[in-house]
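Below, chain A partners chain B and then partners chain C, in two separate complexes.
== the complex of A and B ==
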């Protein structure tokens, strides 16, 4: 199951020495480009097409079906449309922060995929602190949100930026604490180790994925993840009917695309983390080379879940959100962590 | 019968007798304040001095029980200005009294009633704006529908209606300009919510002062959709030219309900008897409209709380579509029905009748199941309850002070429904209930609307049965009405029906021609919207948005 990280494989593939540093630098960049392209392709599919189709199915509509089979070519049409729009720079925005924010939001989420084992040998790097690294990069997006909110010189953006920070602080702690309970099980922060620890059978045909070993932590993590990616019932930072579009109110054209790209990649990164630490990573029936397929199925499953929540669940109020975060999620995730530690300590 | 209203204790109210109001007793109560007594079609009018308005109105309110100031009509005669306060009682709206306040032509000053009835605040601002009467002691006498820089008062006699006026954004109160913090509290932030905002249901501008995310101060600014409806109606003939306009007040789906408001006022003014068969058709089509309007209210309210075009919004629209189709079969139109005529309706049910009945019955049969689905999706949802229960609370007292009516009043436990309390059409022959909820919060208002849909369905069902059994040779859809209607000069009438949003009233004064001399629309949304600051002070922005959604305003009707 555990194949060498991607750069090494690539180096071997083209017949270069995997021990030389320049070769590895080049191969790492190539690998990163491959993974980046893969995730961007996912996002291109999800943003203009899948999201519309899924929401439409939930809400009794048809959605795009005019261009191409199942309306798939809407992706091209949307790309042309969005990129050809005028980039409006409002008076009084705080540059360069205003210009950098979309880049920060979009790229920070992509960084996280570097350490995710996607199966079929697609695994860019496998540092010992993999999980900590993923959480760290995912959090950078908050900085982007504050930059966008603060630099836009718009009160709605400002409120949205503040809301984003309050929300991310309140929900990242439960998220990480719940993630830590998995680390206690696996005994390692290294992603490949966490995945490897989930490969034995639990009972009968059920694998020992941590979602089955500790469903409580899984549920907590799914909820905290909804808040982390800002989807209903926690889409407070954008909250269209309250603060127009929150931090992204003033963005148009390419910047708008970048922000949306960032949001979708963030959802997929959330899905990737969940797949890796709770759903056995790329594990699934069939040969190991099918790993990437199973991995994609899992992250799309998580994406489907966020769209479901978006279609059917009302939004909580900002004070209620903070209350749920600090008084509910934090306490529960601490209890989960303690309990896991005790149980693992007793068994081991 | 279920239509019985619990009899209120009116023994202490002056002028109440077994068979209605004793105007002599009321005149005695006011003594020397009454200068003259006029005979209006709906009630008597007491003429009083312009500097005794507050005294007279508080006496009438406190001692004679007139707790509902339905409307304030202002108009200009050749020799005077006149404000009319249409007073009624929430307990029994058939007990009406008009208080007529004439003022001189060269110095139109009249005492404000806003200290007695909070609702008079906006109504008098409108009177000042459009007609030009100055109200002394008014808390905030500014223009309300027109921009601050507008020249003249459009409904006054010396106003040049041919002179176009263009008010640029720069000249108007520029919403961008007030980009400052409140001076007395440096920790607050001023935010313009609207006129372009996803949650304002049209072009409503809410000037908001925020303290953090909580609302410190809020002021709705209306008039962006003012289309001179009253003035247009004054230029149309009674018989045919006015009827298309009501469809455009509450334009979302309540067309026939609005048409009925005009039809009722004009028919009573001109003494037209509507055939019973036509009344049944009117009742049925009006209730269909009410269902469509309430579905839309439900869907958009969910949109405000859920924050996106989510399942419940689409479901509500899907089901409203069925109603729209039935109405299209009946009237030929989907929104601007223009179906009612003075003295009847435009045409009979579509042939083949069985098909129409079947279609309507199918819809009614599916409805309970659909409502259950709505309850599962929204009222049963815990997050929804968290958001709506005990937010945007409006007390019974405030409802009456602001003259709020319709589902908003009934959601606060005010048992007031003109279909039962001031019967018209075929309502008093049918078996249905008036829905009230005690909570007064956003949740109660949603529940009221959902339960009213059920009651409307009951009414429609009975109407369909009636229509199906109606003998073929007695299907009279139109009374005999003269081609040109010329009601007697100087007749005045205020008549209201229960529109989708509440009491939709029309005041008409005739002058002997075939066009009204004064046509005043009492819009329920206008009065209901006035309660928004009361509901949202100190609450969070999302709750204000939810409250606004639960008021279910249509700006076309607010601004007219």
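== the complex of A and C ==
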């Protein structure tokens, strides 16, 4: 199951020495561009098209169907439309921070994909601290949200930024602790090891994916992930009926695109983490070369779940949010961690 | 096996290059039509009042952030333990591997209980916010 990281594979493919550093830097850039393109393609498909189609299906509407087959060319139309909008800089914005916030939100989300094993040999890097790295990069977005909320000089943005960070910190701990319970099973933070540990059969044809081994942790993680990506029932940072659009109220043109893009990449990053540590990564029936297909199926499954929650679940209030996070999820995730440790200790 | 951080650095470069390219493309495409009133802060169409940097916000946002710092450091301390736990059980037995962590998490849970009792995780409402609406407490 262990395959060489993508830059090494690329270097061998073009017949260069994978031990020389300059070759590896170039090949890493090529590999990174490939990963970036892959995720941008997913996001482009999800943001302007799939999201509309899915929400429309839930609410019995048709959504985009005018341009191209199934309305698919709306992606191009929307890209041109949004990028060619005037950028309105509101009065009193805190200039460097206001410009940097979209950049931070969009870039930090992409960064996490470096260590995700996507199957079919698409695995950019495999450091030993893989899982800790993913959680670390996924958290950087909170900084961008606070920057956006504070710098906009708008009361809605300010409240949205505060709510976003209160929510992210409240659900970050359950998220990481539940992730840690998986590490107890796998005994490693390295992503390839975590995936490899899920390959044996559990009962009959069911593989020992940690979602089947520890369904309780899986459910906790899915809920905490919904809060981390800010989708219903935890979408109070943007709550359109209360605070307009939260931290993105004052953003227009390309900055709006970047914040939106960051959010969608973040959903896919959440999906990628779930797929890797709970759903066996790129594992699935058929030859190993189909890995990327199964991986994409899994992250789109998680995306579909977030859109389902978005259409079907009502929003919680801020006081409920804090209570669910600190009194419910945190206690449950600590219980899950200790229980997992006891079970693993008894079996081992 | 080469250094994986080269590839991670490369992705960082790409992750910055994509948004910056989009900003550059947009700056070439977009019009610039400065008009009076366009740059006013959006406050649902009303004339904006005061600065948003002077508004007083709920102290609870600060309390949960403070609590987060404590528990985030806790997760940092838990992670190394989870990695070696399986080997530790077979090396020194379950009691020695598990008990210190139970005590550690126990101390944290006591701390959380204390914060809970003192209302750090209960959302405080100002009397003005709850006036006439305290039926759903």
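We take it that the second predicted complex is superposed on the first by the 348 of 348 C-alpha atoms of A that agree within 3 Å, B and C clash if a C-alpha of one lies under 4 Å from a C-alpha of the other, contacts with A are read in each partner's own complex, and residues count from 1 in each chain.
One rule holds in what follows: contacts are C-beta pairs under 8 Å (C-beta built on N, C-alpha and C of every residue); 3 or more make two chains touch, one makes a residue touch a chain.
Everything numeric in this text was worked out from a predicted model, so none of it was measured.
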First (chain B), second (chain C), both or neither touched by A:200: neither
First, second, both or neither for A:232, with chain B first and chain C second: first
Which of chain B and chain C A:58 touches, first, second, both or neither: first
Which partner reaches more residues of chain A (counting touched residues only), chain B or chain C: C
Partner chain(s) touched by A:311 [first = chain B, second = chain C, both, neither]: first
Partner chain in contact with A:319 - chain B first, chain C second, else both or neither: both
Contact residues common to both interfaces of chain A (with chain B and with chain C): 155-156, 159, 244, 318-319
Residue numbers on chain A that touch chain C, as the complex places them: 5-8, 18-19, 21, 24-25, 28-29, 31-33, 35-36, 40, 80, 83-92, 102-103, 106-108, 110-111, 113-115, 124-127, 132-133, 150, 152-159, 162, 165-166, 169-170, 172-173, 176-177, 180-181, 183-184, 187-189, 244, 249-250, 253-254, 257-258, 261, 318-319, 322-323, 326-327, 330-331, 334, 337-338, 341-342, 344-346, 348
Chain A-touching residues of chain B, taken from the complex the two chains share: 189, 191, 197-199, 213, 302-311, 313-315, 318, 377-378, 381, 383-384, 386-387, 540-543, 545
Complex contacts: residues of chain C adjacent to chain A: 1-16, 18-20, 22-23, 25-27, 29-33, 38-44, 48, 51-53, 55, 57, 60-61, 64-65, 67-68, 71-72, 74-75, 78-79, 82-87, 89-90, 94, 97-98, 101-102, 105, 108-109, 112, 116, 121-123, 125
Of all residues in chain A, those that touch chain B in their complex: 58-61, 155-156, 159, 232-233, 235, 239-244, 310-320
